[in-house]
Structures are given as structure tokens and as C-alpha cells.
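Residue numbering begins at 1 within each chain, and the chains themselves are lettered A, B and C in the order written.
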Amino acid sequence: MGRFWSLLFLMVPVLGVGIFVWAIAGWWPIQNHWLPDNINDHGHVIDSLFNFILYLTGAIFIATGLVLFWFLWKYDAAQNAEPVKYSHGSHTLEVVWSIIPSVTLLFIAIYQMNAWADAKLRRPEISRTPGPDGKLHTDDDVVVLQPPLAEVTGRQFEWRVRYAAADGILGTEDDVQITNELHIPQGEDVVLRIKSQDVLHSFFLPNLRIKQDVVPGMKQHVWFRANRTGVYDIVCAELCGWGHYKMRGRLTVEDRSSFNRWLADQHTKQTQAEFQKPTGGEE
Amino acid sequence: MNDRWKVAVAFLLATCALCAGCGAPVAEFRRYEMYRRLQEKSLGIDPETKTYYTFDAQQQRDVDDVMWAMFGTPDEPSVPQLADADVSKVVDLNLLQMAAGPVGSDETGRPTGLYREHCAHCHGVTGDGNGPTAIFLNPYPRDYRAGRFKFKSTPIDTRPTHDDLKKIVTDGIPGTAMPSFRLLPEQEVEALVHYVKYLSLRGQTERKLYETLTQLEAGERLINPAAGNSDQGQTQFKERLGLIQGLASEIVAEWIGAEEVDTHIDPRPKLELVTFSLPPEEEEKSGFPKLKEELFKQQAVSSVDELRSRLIEQLGVGNQPAEEQDKAIAKHMASASRQIGQRLYYAGKANCFSCHGPSALGDGQTTDYDSWVTEFAGKLPKRADFAEWVALGMLPPRNIRPRNLRQGIYRGGMRPIDLYWRIRNGIEGTPMPGNKQLTSEEIWHLVNYVQSLPYESISDPRMAEPENQRERM
Amino acid sequence: MKASLLHSTYALAVLSALVACCGCERPQVKAVHVTVDSARALRRALGEGKAGQTASATEAPKPTGWATIRGRFVLEGTAPPRAPVSITKDQQICAPGGKQVLGEDLVVDENGGIKDVVIYLTTKVPLDDPAFIHPDYEATKGADVVFDQKECLFLTHLFAARTTSKIVLKNSDPVGHNTKIDGKGSASVNVNMPQNESVAYLPGKQSPEPFDVSCSVHPWMSAKMLVRDNPYFAVTKPDGSFELKNVPAGVKLDFRVWQERLKFIQNVKRVAGGEAKDEKWKRSGYSVTLKPDEVHEMDIRIPAVTR
């Protein structure tokens, strides 16, 4: 009976690894369960961090699982007639298995700083000129940050997108406003400003590895460079109410000229100042 | 220890099983109890019982039967066959079947239950605007049963066109909980629009049936299909049938007629001096005669060329290329147009400020209610008047406030033509009146003024703030 | 051991009861159930698609002359006091000198006469037949009738007109109003009425009962309007009296009588020859067949039963 339990515990690392392998391979029925396509130039930073942590913790997980199994198997009560011996523990062992995980965690913390800086600190710049000290990459540089292409406002339960359009300034009369549809030019650094109109949401672009909680009261920026055209998802990743599950949007990446045409087309539709009923039969 | 836990767990599981229930109840339409009560009240008070007259149970059953016969159930809709009006011009039965029924799909992969999946939780299975989530929303979802819709291109007391309803479903209504369904396939959006029209037809017919009941004596049946025995019974049955079909045909004819109503809008005159040079017969339609007169007076000139040179001198663009001069003149004309709009806003002719407020914040008239409330509770309802209607299914009434024009959120759409329609036609079901006394030009000046309001510095000083600043909402 | 078993079971029973009874009942309207046979028969009949038979084509009797109906509506019992309305806007024009404005939904004079009771013919009469429509009415059928407002009150509280009349909405005030007409059967409109301007109102069809007219800018303003195809309607004067001339005699006529608070009048006392007799009219109206040149007196007492 005891050995049965140890075999059961062995199944945890075995099945765990099995599921991951199955998902990564994409065999039926676990298809499309691994990471979606990455079309962001900066996205590999996130992916590599993810994989690194996965394999590191995975290895440790398998090791601990096997060790647990081994001890359960070896010291099963049915097979051992010797009385239990009391032990004061091993001071050395305690120190070792405190230091090693701490060092690992510290390592991960430092390792991920690059990914964090890439996603949160290194906003694309248009130009950077040295300041009074004459040296570049110092605090007093004169930096012109790339202005946002669009402002995405999350509200229950939709994403309202407002493009800066022709004059490049958000909040002017020529802004193009549309709901749940975000078009992006391909191959360019794109900065989006995101904010919330009511409650917490999370602006999640799975294929761009962008996920940023939109906090009411804060204007935040996300940036990326999409390198492939196509239609992708925008989803909400923070429970925001009864409609959270359907708070989806459509992200379309297209080349610059198509994007300009689309934006101009939307602007024309938005400023439609004449109306004639379409003549001829309907259905 | 073991026994105690076994008993406890068994007890808990039994309770959960009892409370959970099995299966889902079949969806059913609800009666329009509020309208029934309204019609009963119009009969006056019975001096013997000191309460309002009521319709009999048999009369109510007759109404239920007629409604089932004409419109079916939420799972199996049907449309009445009317000789005088072609219902298929308004609703298509195939699309209705896609929208009706429980959520799923049939053997061909065609989806079903679209209305229940996307709409019913707010708008209700009967389209009464009282679904399970409706109570938590502000503003409340639309009750289709009166056939009244707010945001459309047609005037008051006319049905919306198919495109009007489709625009609302596709774009959503900003500032409300109505989402945009742009991402659904077009056929599914069409199915939803047809189902909304079906629910509206159904509700309007139910209203007319209750109105008919007020003409009947106590104990008189609305219609008796089993009266086939006598000649008189048959004649009466056919007469009543004809009456009911006539009522339904009138309703369907209104919907068909809505597609033919003239909703055209002449193009907004361009902000170019050439607009002032139009021949007189075109000027009324495509020009800005009032603006022209005003600018002529302002600059003390009498011809377009003189005006041009005078403006160029005034705006200081004399030595700039013609393009820049045109831009500066256009800007000046836009500002003059907005000034005319502002005068209309405040002066008597359009009288906007009396409700929208002297600061355009929508605070001029905040004690009114919309038609969906006043129809039942009266024009100046008090808190005590609401209780009987809330018990019959009305959501707790809230005041309807005029739009805050400085927010830049336009529920019916932000295009210039949408604003034009709102000002010209008014908004059905609300205190917003139509403005037939304004000319087309005056309405465009008002539209220009209204569109500029959110960008005045008084409206949103935060636009000028530096980035990444904490935003105070 | 036994005691603790009892305690924990009891605790769990309480918890389960809470689970079972949680949530509060919101008022919900009951669902519909149909009488299956009846409904199926109706569906078959409707599915035939042919137009149902209209009213019998048998020759309707022709009128033999003209008669007059006149009378008075008096309220029996104490009239409820007229409630003052609150003037919330434009006080200097709508309540000059702070004068009090009273509601007009039931106006009774010192002898009990009820103002603004409308009596109107509901029988369908052919509108182009001079035997049914007296030439006097035919002559004035396209006349202008003005519906005016002054000092933020509609001057005619119950306005009855023919569908063929030219109804002119007028604003004689120095402030803008908007006239919101919520027609029942007749057209609904909501038009901005700038000061001293007039707008034409086209009712389209007739209305089966009086409908609301209001102003959104000044929400206390209220009136009722009735639009009929035939000219046989009358509104009582402040003393409760009315006269309806040249009504077709010799045919059965149905009249409905309506007052804003009392709604459709059914239970009355008719005063004839000094004594008052109880009468109950049908819901569809008061039926009468008149003789030519008859003057039909209607001295009606209405009990003051209101909610």
C-alpha cells in the first residue's frame, strides 16, 4: 500500500513533464496550447526569459520529485522493520539548501532586468543629443521620445482606440476614434498610450508579448515592433466585471501604405457630412 | 473523527444537490404587464371595489394565444402572414432562426442562439430591457417593445431603418454598456438586427392587443377560435381576426415605410470662399448664406474678392503661398461658423442652453424622465408613483439628463451627419426636440459649434499636461 | 465524541440552510402559458394569409335627420383640491409676481360642473356621406385651429380637433418652449417652439383616446389632445356644459366620455325629471339612437371616485 503512494507521487513529475512535452509538440488533443506566434522584434526577450525560468525550475522540480519518490519508496513502512531514529537534522544541509535557491533567485532577478528594462524603461526615442556635459547617454541628454501612435482606453467591456492621426497629437479634432480595432504599421517602432476609463483592465497582446495592466488614473505606454502582417487578438487579462470574457479586440498589422490608407478611410467615414440613401434594391 | 466528517460531507452534498437543480428552464416570453395595467387604468375606477377595472383572465389568455399564434416562442419564432403587409421585408425567418433558440449550432455548423448569447442578459429574452444584468447598468438597456429607438436617421414617431439598427449593433453606443459587435461575422450581425425588429414587432402588437381589450365589455372574449358552430360565431371570429391582422399590418407597414422616409442630408458647405460664390438657387442648399452675410457685414465689403483681400490683410498672410492663405481663411470661416452656432445655442431660436445648460454641461434640466417612464408613471411622476410600475417589471426610474456636450462622447455616433440628425429630428423618447425651424445652414453651424466644444480649453485642461502624469478622472 | 458530532452536524445544517436560502427575490413578471388548442387554431387561421373579413358589408341604416345632444357633467361629492405645481424655470415669466399655478387635471366650479370633459363619437361613420356629416361641419373641416401657450401654460387644456383641420401650434411667450406631443394613433412630434412662432401639426390618423402634450423645458406644462376623423366631439366649458349639434339621427351611435382624472366614465347618475337614476355605461361607450330634431338632454352626475 505504501509503495502505491510513492508511485502515485512519481506520477506528478512524470505526467507534469509529459503534459509540457505534449503541449510543446502540439499533438492532438493538446493543440495551440503553447506560446502563440511571436511577431514582436522585442518579444524574444520575454520568450527567452520564460523558457529559461521554465527549464531551470523544471529541472529542479523533476529533481525534487524524483528524490521524493526515492525516499518514499526506500523508507516505506512495510519494508522497513527498524525503529525510527530521531535526528537533530543536519545543519550543513539546511545551509546548503537555503543558499542555493537564494542564489538562484538572485540570479533570475538580475537576469530578468534586461527584459524589464526593454519592456518598461527603454521607450523608443526619435533623437537623443548630448546635454550640457557633452556626453551621450547621461541623465542630462536632450531626448525626444517617440509620440504614441494611438491611445487605447479600456472600458467595460471594450477597447476604445484613438489615433493621433495626421497631426500626430492626441486629443485634437482630427483624431480617428474607433472601437475594438487596432491597426499597426509593420516593421516600425510603435508606441501606444493606454489608460482606463473605469476599472482595472489589462491590455494583452499575446502575439506581441505585451501585457500591461491599465490602472484607472494612470497613463502608461507600451511599445513594440511588429515584424509580420496578419490579424491577431487583443484580450483583457484582468477581471473587470461580468463582460471580461468578451472584452476582445482585433489587432491588424499591415504595411505602412495600407495602414495610411486605412486611417485616411476611417477619417473620411468619421467626418461624413452628407448622406444619401443607397438607391436600388436592398437584399 | 471519521464518522463526523462523513455525516457532515453527506449533509453538505445533499444540500448542494437540492439547491442546484437539474437542467435549464425553457426560455419563455414575459407578458407586457405594465402596458396591460396602463390600459386597465384608462378604464377608470369601479365604484364597487374602489379599484381600477381589470381585464378578465380569459381575455388575457386570448391575448397570450394570439401572441403565440403570431410570433411563436423564444426557441421557435414565427412571423404572422399578413395579406396587407409583407413581413419578410422587415424580418427574415432564416436569420431569425439563427438568432433564436438556445446557444449552439446546427448540423451545418450554422450558429443558433445568437440573441441569447450576446443580447439577452441585458435586453431580456422578451426584449424588454430587463435582463438579469440590466439592473446594474446606467443607462438601462433599451426596451424594444414600444418600437421606439433613440438613435436613428428618421424623425420622431417613425421606425428606425435597418441600417440605423445595424450601425448601433456594429459600433456600440459609447458612454453606455452597449458594446460594439464589429468583430462578429456580418451574417450574425444581420441575424441580431432582424431579431431585434422581430421583438419590436411582437411588443408593439401586444400593446395594440391590450388597447383593443379596453373596447371590450367585461366577459367579452377578444377572439374565440372555438366558436365555429354558429354562423354568427364564425362571422365574429373572422371579424376579430381581420381586426387583429389589421393591427399587425399597420405596425409592419410602419417598419416598411421607415425605409422610404427621406433622411438625406445635403453636403456640409465647405469652408472655402468659393462657397460664397454659388448661384442663388444653390445657395440655400449647399451654401452658407448667413455666414456670407455676416462676414460681409463684419468686413464691410460687398463682394467675395473684396472679402478675400480684406481677410488676407487682416490675418497677416499677405506674403504667403496661396495654400497657406486658403488655410488661414478656412480657419477664420470655421471660427465664424462656430460663433453663429454659439449664438443659436444661447439665443431663442434653438434654445439649447435651457436644457443643455449655459456651460453646455447638460445641467440645465435634470428633473425629467424618458418616455419609457413617463408613458406609465405620468409626466411629473413622484417617488410614490413608481412603486406600482416597479412591481410590474419597470426598472427603478432615473432622471434623464441632457448630454454633457463638453465630453465629446456622442451616443448616436460622432460623425457630422449623426449630430445633424440629432438636431434636426430630435431624439425619440427623450425631451430632445426636433428643430424644423432651423435651416440646413443653421444646423451645420450648430454642429460645428458642438463639435468644437470638447476641444475648448475649458473642457479638458488635462490635454495640455505632460506625459506620464497621474491622471485625475 | 457524540456531543461534538451533534454540534458539528448542527453547525453544518445551519450553513447549508444559509446556502439554500441565499439571494433575494427581485420582482419578476410571470411567464406566459398558452391554451394549446386555441393557439394552434389561431395560428392555422392566421397562417392562411388571407385578409380577415372586414365588418359586414350589409347595408348600414341611413340617418333620418339631425338631432342635438346637450347637457352638463357635474361631480358628485367633494372635488379633490387642485394641487399647486412647482415652477422650476423662468419664474419671472411663468409665475409673474409669485402667483400660484394650480394643476388642471380636475377643474370643478362652485356648482360641481367639471371642465374639460370630452364626449366623442366612436362609431365609424362614412366621412364623405352628407347624410352622416352635416354640411355645417363639412364647410369648416379644413379650418385653422390654434393651440397656444402663454405664461408657460397651454391655453386649451383639452384640445379636440378633426384630422382634417389645420392644427397650428403657437408660442405666445417671450421664452422658447418645445411642444412634445405623444400621440396615441395620431402622430407624435417633439418640436422646438421659439418665442412667438407657430408650427403646423399634422396628426395623420385619429386617436382612440386623448393623448399627452407637454413641454420638456417647463415640465409642469401639460395638456391633452384628441384628434378625430368625424366632427362629433365636444369639450365641456368651465361650468360643465356642452352642446353637440347636428348629430345624425336614426342610427345607433356610441359615445365615449373621458376626463383626465376620472378616465372613461362608466358609472353615472342621470338626472331626469328631478330624480337621479343610477346608470352604468358600456366600456365601449354610451349608446343612443336619436330621433330627428330631438334634443337629447344629458344631465349627468359623476361620483368623485379617484385614486
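The rule we apply is simple: contacts are C-beta pairs under 8 Å (C-beta built on N, C-alpha and C of every residue); 3 or more make two chains touch, one makes a residue touch a chain.
Since the structure is predicted, the reported quantities are computational estimates derived from the model, not experimental observations.
Chemist: Starting at subunit A, what is the smallest number of hops through touching chains needed to reach subunit C?
Modeler: 2
Chemist: Which chain's mean C-alpha position is nearest the mean C-alpha position of the whole protein set?
Modeler: B
Chemist: Measuring centre to centre with C-alpha atoms, which chain is farthest from subunit C?
Modeler: Using the mean of the C-alpha atoms as each chain's centre, the farthest one from subunit C is A.
Chemist: Quick one: which pair of chains has the most contacts?
Modeler: Highest contact count among chain pairs: B-C.
Chemist: What is the distance in Å between the mean C-alpha positions of subunit A and subunit C?
Modeler: Result: the chain centres lie 64 Å from each other.
Chemist: Using Cα averages as centroids, what's the distance between subunit B and subunit C in whole Å?
Modeler: Measuring from centre to centre gives 26 Å for this pair.
Chemist: When the C-alpha atoms of subunit A and subunit B are each averaged to a single point, how far apart are the two points in Å?
Modeler: Their C-alpha centroids are separated by 40 Å.
Chemist: Multi-chain contacts only, two chains or more: what residues does subunit A have there?
Modeler: none
Chemist: Hunt down the residues of subunit B that sit against at least two other chains at once, touch-wise.
Modeler: None at all.
Chemist: Which stretch or stretches of subunit C touch subunit B in the complex?
Modeler: Residue list for subunit C touching subunit B: 4-5, 8-9, 12-13, 15-17, 19-20, 26-35, 37-43, 45-56, 85, 88-89, 175-176, 178-180, 182-183, 187-192, 194-195, 197, 199, 208-209, 212, 214, 216-217, 219-220, 222, 262-267, 282-284, 303, 305-307.
Chemist: Which residues of subunit A touch subunit B in the complex?
Modeler: Touch list, subunit A to subunit B: 145, 156-158, 160, 171-173, 177, 179-181, 193, 195, 197, 216-221, 242-243, 246, 248-250, 269-277, 282-283.
Chemist: Where on subunit B is subunit A touching in the complex?
Modeler: Going by the criterion above, the answer is residues 92, 121, 133, 153, 162, 171-172, 174, 177, 179-180, 182-183, 259, 263-268, 414-417, 420, 444, 451-452, 455, 460, 463, 467-473.
Chemist: Please output the residues of subunit B touching subunit C within their complex, sorted ascending.
Modeler: Within the complex, subunit B touches subunit C at residues 3-4, 7-8, 11-12, 14-16, 18-19, 28-31, 33, 41-47, 50, 52-53, 61-62, 64-70, 78, 80-84, 135, 156-157, 211, 214-218, 223, 225-226, 235, 237-246, 348-351, 354-355, 365, 367-368, 371, 374-375, 379-380, 390-393, 426, 428, 431-438.
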